[in-house]
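Presented sequentially are two complexes of chain A, the first with chain B as partner and the second with chain C.
Let's turn to the complex of A and B:
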């Protein structure tokens, strides 16, 4: 313990002096602590004598500088000149299935892309995920230059947004992903000797998906959409010219977004708004655009109701939400955390929450803390209404919150740990509002079947 | 409230130091204002402060017999309890002392004291005991027969000073307190005409009682200081190797408990921390973490408000109690109820730690009576006009964990179930003292 505490401090400034490179691979940590001691005579302190760890670090620092420039250039350009397109040929092809949320996969350690922590912290001292949560996945910041060369610039930027949680909820991520893929399709030309439907998925699409997954584990809606997209690609007639195939695909992506996202959100928000009656007290948790939309819509309809907003104490996204509601004229009570939940629930008539995903056993995957509220509400006989687009429905089954979950990378440190989601079992949920109508949570498998038919 | 402003802010230690040099009344008033300002807060400091001041009351206030002593103690106790109504331990300590006085007095009575003519000898012998006991014992009577002579404010003071009607001897040879008819009869004996020899006798008795009671209060103080150790001694039974323990903002009691178990067992501790806000250390419970790390225990600070996500992994939830109410509900830091509920729903054990002095014979009518609301400005910015202007901001500091969510209570006396709590209450408090804090209100 003591040695570890020592290492992090002296290792912070990048050190050039020569440590003993005899033991460099074996004990990089020890070495760092010794690094500050005067080097023993024998070695001529040349570049080559640096320990592996330090070499790596140095290389990364250099890279970081280059990257910063590259990043600036890329973001300003948006669409850089080709160059990367032909590269698809040399790509390493379909690399197996993309990893999805908590698929049980490891931590992608030793993957080509290394996590880049805050600049002060040496990279090797990545805060360890507690062993008991080691099976869960986590978003990681990947430098653009470290990404696979096949990754499209639009996807690169998207990956950055996802890993920094600039795009965080499932529907926004889904939409952005599909738009980015449209650009990928746009800029693709089928190499001679192959056909679109055979070449595109494995050589162009999969690297994009891999990169996005590495940035942040895919959410269920993305998985669903990508499966759909691949199906559409495989359906394309091999004889169809590139241009038309691309046009066809882009159109169907647009339609997909329109149907499954835009219209779905509209229907759900208005259904939820209709549910709210005069003089009710609606309780909601943190922030979700669907809930906000529903509440604002109900207010526009002239309903007199008030809102109790319980915020996530460790991620205060509810502050802005409550301000937006108050600005629209809704009386809002802002509760800073889950404390005194029973007192806060006492006058509440309905709990309105939005789901990140729905499992086929009727369990709801949503922001961590949702389950606690749903349980308390259920205990007091208050109905819990979940809002969820059907694109978020998944075949998987989850009976506890640790089967599928995600670790919050922003708050993962040597001392802190945070899970982003939890799973609310079907018994705590009264109704799910989807664009296909209201359903009980046990009807999720039926909805999934119906979706297959559509 | 950020009480950490070092230097001038008075605290428990400073207050205890000041006790000796000050007149009693001033000390009492000081403590009342310290409690009101929450400069002494939390169960243990409140209990310690109460025990100290009650000790002073017993030692320094004027009293000539058991009655006036009981009066003095409960009067001060009421003041303190109403200064910090959410700190139930204050009432508990006062009740303990009241019960102690009654016990000591009863012992004195049982000792064969041949010649003990009392001050109140002039009064009819049967009336004296009845009235005294009824007055002290049946608090409910004050509520029912409020127009009695006692309901005049200020009377207690004068009684303690002037009326010296009853002796120890008579006091407890009394008939049971169920007899409210005699209540209004108290000012009867006010003669105060005690002969010198009586005085002598009673004063020696008073002296004996005083030292007995003071010893008893010292014992209570010792008990409070040893509670953590005694509870920790039970840790081995509750915590097993390989356990995943979830603790919510560990109090010193909980920390001691876990550290003791860490001597023998290897387990994992998940600490639920306070949400980030101003004036809060970067890493919470750092010293606790350090000690656990020294014992090679894995520690994780959980930065989630809702703990359902972790319950699949957790084996036991350990909560520290600020108070345990008679029905088994536990007052603890805000967020504890959500954790206990999550644990209950996932079938995990919820263990509550708290000294027996935190066990209160009261059962609050609703949660709102006993929970405390915190300063919202530590969570939302007061400069944020939109928030301040149009939004009602609520932050709970403490909350009540419903009894049905708790599996086990560990006190310094052992491990108990909810059903057993009533026995413990009966062991520690006299039924006649349970509502002592209401008397004052009733007389107003």
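Let's turn to the complex of A and C:
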């Protein structure tokens, strides 16, 4: 199909980007999914009779219909067009690519799995993201019926949770993903004539990943864990019986979660709690379970301290957080937004925040607004402590908030959009607390190197 | 512990091993051994003295099992740490020794006797290496003292004087030193200054209050080199009180601030700021009458962002080198 599209392209007048999108999207997908070849072969043969222009027209209609359907499913959903994404991702390799493949593939497969009914005349109300931000991705609600037929029910549900931000922070998403994958592994049987390690990743795991990525771009920890999982799968002896291979894999997933998440969280929370001293004022931003755990633990240890909680004005997760802290007996000052930041920081002794990810140059990727607080705190000589599990460390480098980010799907309009994260440079962070202990942000590359050895 | 007093104390107890076999490890006075070691050998730094004291301890205690030995080492390390006001430098030594034993046990497939014998036979090795390391620091760093430069230093670090001596050997009379005197230790200051002058280095003496003035005078100071008691995990240093002040002044005048220190001073301790040095140090003594007391051996913490480079026997490194080494040796960041 890909080759057809290519040969027909020159005959076409260089037209609107939409048809080429389909072509772009079709390409990686078709190369990948060789398993569905028979079915597709028939389809392709049918399509071959159409002329190039007709083919394009059909593809365009189908795409429009899909969009309309998606619109109906979710009114506020935006559309950072695939063309922009394709252009943005074309240059860079690495993780950008699977993400791109995922989005294209997911959609396209959706259409194959369930041919779209009446093509609704599309009234394109697309809040356009300017081209320079085209590389930024966004969570989108994908109708369950549009998902690939190979997607496991557990993963389907997980995808819905992720796209609606019911699971939002990186560690919760990571954990849920790994548990869902365990179910996928559990329900899998190797077809005759192939082996687990060769068949599973490409034919079963990848569609799940594609679907999840289509629901919401993967976070760095998920990328790290999936890379790890694929490595484990590839290491499985081809002579190992299915049952044992599955058991082995599930066990190592359990161990992975135990070591990198459960134990890590425990160590980080207690290290952070040790940091808090009597008569201190701890400032924290919005809500993160690590920070909450650390504060509650310090309270349990009998430390007398108070908390200033600045909430995220766009997502009031801090309300519940402050209630929980207050219920535990910690005096909490609730601040609704970043206004009057400096006066709120005046009596603060330490800023405690949690990171979504750490870049290898020591920069912290966290809820947007964190950087403002860190900069103001550093300016006032207050130490800024970031909590982060090492599974969230990425070898990539970022010095701004635009290279890697996500658009808030709830806040995308014609006049603007909001980003979910920001990047805090290493100089505004005093300490990062990981399960390996306290470290300065400049130690991130050394830690990454150490993790590779393990 | 009179037995541990001679300059080569490890050999002495070895010969006396049979006499001591009956005694319990509790009888061993690790504190006295440590102090006598420190006094008897001017080349010993605190971490190395602590290591040697632990080796002397192993000499006196008949080893039975690995676990028991590790336990004895732990108990005595704690005792030693509790006995001094500032335990951080010697803790760097005891930690390293503990890790050394554990890792050599791993390498030797748990043949504990072999490790123990090796240790006892090579008790002097640690001290030797410490001296070699100091020479290595001098060798790695002396070229930084360029012709016509002026080095500002303070304290009585042997690594620094060693480095300056090495530089004076190759560039006699080609550089000058400004020595910052310690008001509370006139004798020590006199000694260091006369040492430097004997090396043929033109030396000026100033007090701490004059540092900013001297640094601000254009090109009067080319660099600062100080020693360290401990290099913390983040690449900062715990050093003689005043180092932090000099580092801050150097930073604001854009003068490079070098730290000369051997890698055995690298410690797993992580300091956030001046508040928590890892031990109690009450600098402030508020009084209405009488003269304020002053501390015997006060230290402060210089954060890594004020330090240009660390001069170690492995070469001249950025502060972030420390964390790599710590991860290599211990596998984790905090104890």
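Just so it is clear, the second predicted complex is superposed on the first by the 326 of 454 C-alpha atoms of A that agree within 3 Å, B and C clash if a C-alpha of one lies under 4 Å from a C-alpha of the other, contacts with A are read in each partner's own complex, and residues count from 1 in each chain.
What we mean here is this: a contact is a pair of C-beta atoms (placed from the backbone, for glycine too) under 8 Å apart; a residue touches a chain by one contact, two chains touch by 3 or more.
This structure is a prediction, so every number in the text was calculated from the model and none was measured.
Asker: Once the two structures are overlaid on chain A, check if chain B and chain C clash or fit side by side.
Answerer: Fit - chain B and chain C, as placed by superposing on chain A, sit side by side.
Asker: Would you check which partner chain A:131 touches, where first means chain B only, second means chain C only, and both and neither mean what they say?
Answerer: first
Asker: According to the stated criteria, A:415 is in contact with first (chain B), second (chain C), both, or neither; which is it?
Answerer: Only chain B; A:415 stays clear of chain C.
Asker: Going by the contact rule set out at the top, does A:383 touch chain B (first), chain C (second), both, or neither?
Answerer: After superposition on chain A, A:383 lies in contact with chain C alone.
Asker: Which partner does A:323 contact after superposing on A: first (chain B), second (chain C), both, neither?
Answerer: Touch partner of A:323: chain B, not chain C.
Asker: Which partner, once the models are overlaid, touches more of chain A's residues, chain C or chain B?
Answerer: The partner that reaches more residues of chain A in the superposed model: B.
Asker: Which partner chains sit in contact with A:250 here, chain B, chain C, both or neither? Use first/second/both/neither.
Answerer: A:250 sits against neither chain B nor chain C.
Asker: Go through the superposed model and pick first if A:450 touches only chain B, second if only chain C, both, or neither.
Answerer: second
Asker: Under the stated touch criterion, which partner chain does A:333 make contact with: chain B (first), chain C (second), both, or neither?
Answerer: first
Asker: Which value, in Å, gives the least CA distance between chain B and chain C in the superposed three-chain arrangement?
Answerer: When the complexes share the chain A frame, the smallest chain B-chain C C-alpha distance is 18 Å.
Asker: Which parts of chain A are in contact with chain B and also with chain C?
Answerer: No residue of chain A touches both chain B and chain C.
Asker: Going by the contact rule at the top, pick out the chain A residues touching chain C in the complex.
Answerer: For this pair, the touching residues of chain A are 271, 275, 383, 385, 427, 430-431, 434, 436-440, 442-443, 445-447, 449-450.
Asker: Taking the touch rule as given, give the residues of chain C at its contact with chain A in the complex, in rising order.
Answerer: Counting only chain C, the residues touching chain A are 233-235, 268, 270, 272-273, 304-305, 319-320, 323-324, 327, 331-334.
Asker: Can you check the complex and tell me which residues of chain A touch chain B?
Answerer: Answer in residue numbers: 1, 130-133, 312-314, 316, 319, 322-323, 326-327, 331-344, 368-373, 375-376, 379, 400-403, 405, 408, 411, 415-419, 421-424.
Asker: Using the touch definition from the top, list the residues of chain B that touch chain A in their complex.
Answerer: Residue positions touching the partner: 244, 268, 273, 275-276, 283, 289, 293-294, 298, 300-313, 333-335, 337-338, 341-342, 345-346, 367-368, 371, 373, 376, 379-380, 384, 386-387, 390-397, 399-400, 402.
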